[in-house]
Amino acid sequence: MNREDNKIVAFCCEHSAYQVADKAGRMRLHYPDNVRIIRVPCAGRVDVQHILKAFEKGAAGVLVMGCQEGACQHLTGNTRAKKRVKYAEDLLKEVGIDGGRVKMVNLAPDMAQRFIREVKEMAEKIEGEMRR
Amino acid sequence: MQVRIGIFLCDCGESLKNIDFSRIRGDLQRLEDIAFVDISHNLCLEEGVKAMTSRILAENINRVVIGACSPELCEHSFSRLLKGLRLNPSLLSLANIREQCSWAHEGDVTGKALELMRMAVNKARFLQPVEKKDIPVNKEVLVVGGGFSGMRSALELSRLGLRTTLVERESVSGGKLGEFESFHGIETTPEEMLSSTRKAVKENADIKVLTSAEVTRVEGQVGDFTASIGRGEEKVSQSFGAIIFATGYMTKILPQDFQLKPDVNIISQRKLVEMLQAPGKLERRPGTIGFVLDVSDENSRLPILSTLNNALAVKERLGSEVYVFCKSLKVDSEGVEKLYREARERGVVFLKFEEKPRISKEDGRVKVEARDVLLGEEVTLLCDSLVAEEKVLPPEGTEALSSLLNIGTDSAGFYQDENVHLYPVASERKGIFFVGGCKGDLDFTRTLADISSATMSIYKLLSPEKVIVEVEKVKVEPEKCRACLTCVRVCPHGAIQMVRVDTEKEVAKIYDLACDGCGICAAICPAKAIRFEGYADEQILAEVEAIGESL
Amino acid sequence: MIIAERKPLEEIKSMLSGYKKILLVGCRTCVTICWAGGEKEVGILSSQLKLASSGEGNELSILEATVERQCEKEMVIEELRDKVQEVEAILSMGCGVGVQTIAEIFEEKPVFPALNTTFIGMPEAEGVWVEKCGTCGDCMLYWTGGICPVVRCAKGLLNGPCGGTRKGGKCEIDPEKDCAWVLIYRRLEKQGRLDLMRKYYEPKNYRAVKRPGRVEAATA
Amino acid sequence: MAIHFREALKTKDFTVTTEAGPVKGASTEKMQGHIELLKDRVDALNVTDNQSSVMRYPSLGTCLLVKEHGGEPILQITCRDRNRLAIQADLLFAYSRGVDNVLCLTGDSIDVGDHKEAKPVFDLDSAQLIHLVHTLNSGKDMAGNELDGGVDFCIGASATPSADPIEPQLVKFQKKLDAGVDFIQTQAVYDLEELKRFMERTRKMDEKAKILAGIVLLVGAKMAAFMNENVPGIFVPQYLIDELAQAPKGTGLSKGIEIAGRLIRQIREERICDGVHIMAIGREERVPEILEAAGL
């Protein structure tokens, strides 16, 4: 990915977010196509290193999408992911990438609308930044 | 071994109009290590599968990449197909070009489809085979707690052909069921239920009962737990494949709920049951009996169940006036609504309060004053005896056992973490289950359902001839492991333990049967010593690198 | 175990200004265990530095390596000998000892610390470490119920608490921290050895270890 | 000229001391004003040593000023800023200039002061400091060398009656008493019941030492609450904070003076302690009003 790319890397937990993306597709609900979904067994599988590597490789935004709190198949996966996203955000701020370009999203498997809104929000944030 | 990748694209019966499959095939063919790129219309149908099978057999490829519908639909069948062709199913990489590409966006998405395929190809290059193996598994089950639930579980397991050891702390089994006088509408009394169950257990050769015994230590993982059981001086250590907790509950009248200490007039449900069982022995039949319910906010169903049953029993046997003071009455579980109606019909008076009723003594009788919300006025009742609400609490030793086994408890201290996926009987550790009152919200009708659910899960786990497991799908590399214990502490399923390897060095070991494949350990390991095949760091990184790569 | 913490990126960047090619070196021992300088942290800092440099338009190329133990000369030489030739400077994610071992071996190249070595301690919880030993060279844990007042009492007092203890036996400086002397009192009381605390102790020999210390094994 | 503090302790049935706080600067004018105001109203004037770890004009310097004005100084020494060499040297110099009352303190931590990055010393602690002064009194230094010209200090220490838990404090307090002290000036006390309990225990431990209750002037509810949180060893009970809060706006200080006077009067009438040590922390000019309010 080169710098002026506007790709959003979305790490999607296969128990929730990945199914939500499928559902959005089945309902033919369209969302920005610069999202690239990477399937992970649990949001807890995503670490700070993966998020930073995504930005290093040119991603413009990263979404870590896991189950709702208290409904994680692996109990602490989503809460750990949330902490790591927060730490990644601080590390990115140190290098001048801020403005919420990395975000933790908690989804239940049927929240297609919420998924689309989160993707659109991130796409708009990147769009806004790109123009400046 | 040189990577050779076979790529299949499915255009879903040429319905994915916004993807130019031939252009994608053209681009993909130019990548290295690609043996072939086939376009099919129906990889999920007989015809498509046959074509794919002959293609794979013809070309000696060692990775398969398939761009089709969502893996949630096709992954399972494709893996089985590969297995049939003696190709390791882990060497499969899927791209979701239908639900998450063609159907999800307007206009032509050939570019995105190509990128998704390149991501899958990049990942395929790093895939490693994962072997499957059957592992020996101990088929014995440990049941902790010899109450009704524990005994029923043991009987159910023996019906499924599994031997159990039943450990009961008290000198005699039975637990709390004996405290109930009757279940309205059920002929057999709790007493009869208990004695028949006890008899069945005694006569059952598959069940070994250890009374006045306690579990002191449990090590190991599902399929190979080692429990040390203390019985007086005797120490027994035995191996089990799974564990069921049926440790029940205890009830206590909490001082802050009730200012007055229980005495002759203020009695517990158990005392009331004793009165009911021997009405003759009472010197004076109580004229009016009061019940107070749900004083503290969260209440469990047990007090309601015993109050309604006992109120009806009082009406039948003693014929005294019965008043029930309650803040709210949960009647949502089976048969409780009917019980409540019958009580009303038999003349039991229910009074609803908001603030806590004031309880005092007046010349040998109990005075209860409360503001009835429905009547909208103060009510004062003088009754001969008042049945105080008993709070349902986890029995002593719950905390010790749960920390010993590294399994969570819920906010009230009962077993089973508050997580929807564990419902109804699972713990976060594979092979450990909870039935009956030890989970907190006690409901008899569901206990029997819990027991069959737990025993069935154990049957599924232990009884197959060969217990197959993916060998080291998530693996700790001993030479990189620093034994820092982070993964052991972090694993939500307690599937990681320290072991001494051949070099006498202590390293972490992930137990394949107990591991639930979440990858939290792989992410947090500071030495990057844990590799999760299928979601390894280099595989995730390879997918990221393919994003936006110009050809 | 030696505990360390990563320096803020700003400080690391200012050290590296002017250098185009650096070697970033992790250590697989103490700093891995305390999540500060292991192989994973090397990856994270490397990503951060690359993002920072590409953001500011100057190119910074980073060679990555992780030594088994940075305080062992042989291990450092074996791992870094070739890589050092290709770089202008070395950024070490080892503790202070690691940084100096590398500096001693490759004297011609500047070596920068990416971590602050904080104390000798133990994990209090997962991801949380607390100081326990102040390496005073004259251990007196035998009479303090196994609680070291040299480091765990903020003023290192020897004859009991100062007058500033807060309500509930907390330390004058930090309401979250227990006063070491209250802890010592309770433990000795539990063991019935309070006489040890009641005894008067002469001023400590603070030169038990002539700094910088040196230990020579009898059979060295 | 004021009588020697040692005599005052022996002869008077109620000894009163207060503080002359050094300033942050070299001008001694303000300090001399306070000394003049207070020297004849109290039995001795304590001079704090970088109080609350805030750098100020040296304690020994202010003691010399007190001497020049004919007052009776008490040199406060903490273990925070000097090691055993410097403390012994200062003590020799103090004695040679007639300053022979010393209050041995551990000292506040660097973190509460205004030079938070300084290297704390704490070579000694307060109990060891008391032993050190005794060693000097016996004509030798800590290393056992004979002194050319001995010293004879009147030794004081502090105590924290309202510490929670109190037992560990009492263990340290016992060590101080065993070492031998002539007077004790306690941390601020407000709850006299607590003080009584403390006094009962102290009487059992040691008869000789005279105990002066520490009285810290409160100037308002907010300041009292602030001190509870941040000033080490001070615990202002809620009912006093409420009393201060009810005082109409702007009269917080006079309410504080009234409270201080009330406490001192009660301590004196009920003979709870052998005297009081008034700490007006930066408000030395109000001490006379406190003394009046206490009927002294």
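Per-chain numbering from 1; labels A, B, C and D assigned in written order.
Note that a residue touches a chain if its C-beta (ideal position, glycine included) is under 8 Å from a C-beta of that chain, and two chains touch if they have at least 3 such contacts.
What you see is a predicted model; the values in this text were computed from it and never measured.
**Student:** Shared touching chains for subunit A and subunit B?
**Tutor:** Expected: C.
**Student:** Looking at C-D and B-C, which pair shares more C-beta contacts?
**Tutor:** Of the two interfaces, C-D and B-C, more C-beta pairs touch across C-D.
**Student:** Give, as an integer number of Å, the spacing between the C-alpha centres of subunit D and subunit C.
**Tutor:** Between these chains, centre-to-centre, one finds 39 Å.
**Student:** Taking the mean of the CA coordinates per chain, how far is subunit B from subunit D in Å?
**Tutor:** Chain centres of subunit B and subunit D, defined by C-alpha means, are spaced 64 Å apart.
**Student:** Please report how many Å separate the Cα centroid of subunit B from that of subunit C, as a whole number.
**Tutor:** 42
**Student:** Going through subunit D residue by residue, note those that touch at least 2 other chains and give them in order.
**Tutor:** Nothing qualifies.
**Student:** Please set out, as single numbers or ranges, the residues of subunit A touching at least two other chains.
**Tutor:** Expected reply: 47, 49, 53.
**Student:** At least two other chains touched by the same residue of subunit B: list those residues.
**Tutor:** Those would be 490.
**Student:** Who touches whom among the chains?
**Tutor:** Inter-chain contacts occur between A-B, A-C, B-C, C-D.
**Student:** Taking the complex as given, what residues does subunit C use to touch subunit D?
**Tutor:** 154-169, 172-173, 179, 181-182, 184-185, 189, 194, 197-198, 200-203, 206
**Student:** With touch defined as at the start, can you tell me which subunit A residues reach subunit C in the complex?
**Tutor:** Residues 3, 47-49, 52-53, 55-56, 91-92, 94-97 of subunit A touch subunit C in their complex.
**Student:** Within their complex, state which residues of subunit C touch subunit A.
**Tutor:** Where subunit C meets subunit A, its residues are 8-10, 40, 43-44, 47-48, 50-52, 54-56.
**Student:** Would you mind writing out the residues of subunit B in touch with subunit C in their complex?
**Tutor:** Touching subunit C from subunit B are residues 480, 482, 484-486, 489-490, 525-528.
**Student:** What does subunit D use to touch subunit C in their complex?
**Tutor:** Per the touch definition, subunit D meets subunit C at residues 79-80, 84, 105-109, 111-112, 120, 122-128, 131, 142, 158-160, 163-165, 167-169, 171-172, 174-175, 178-179, 187, 232-233, 235.
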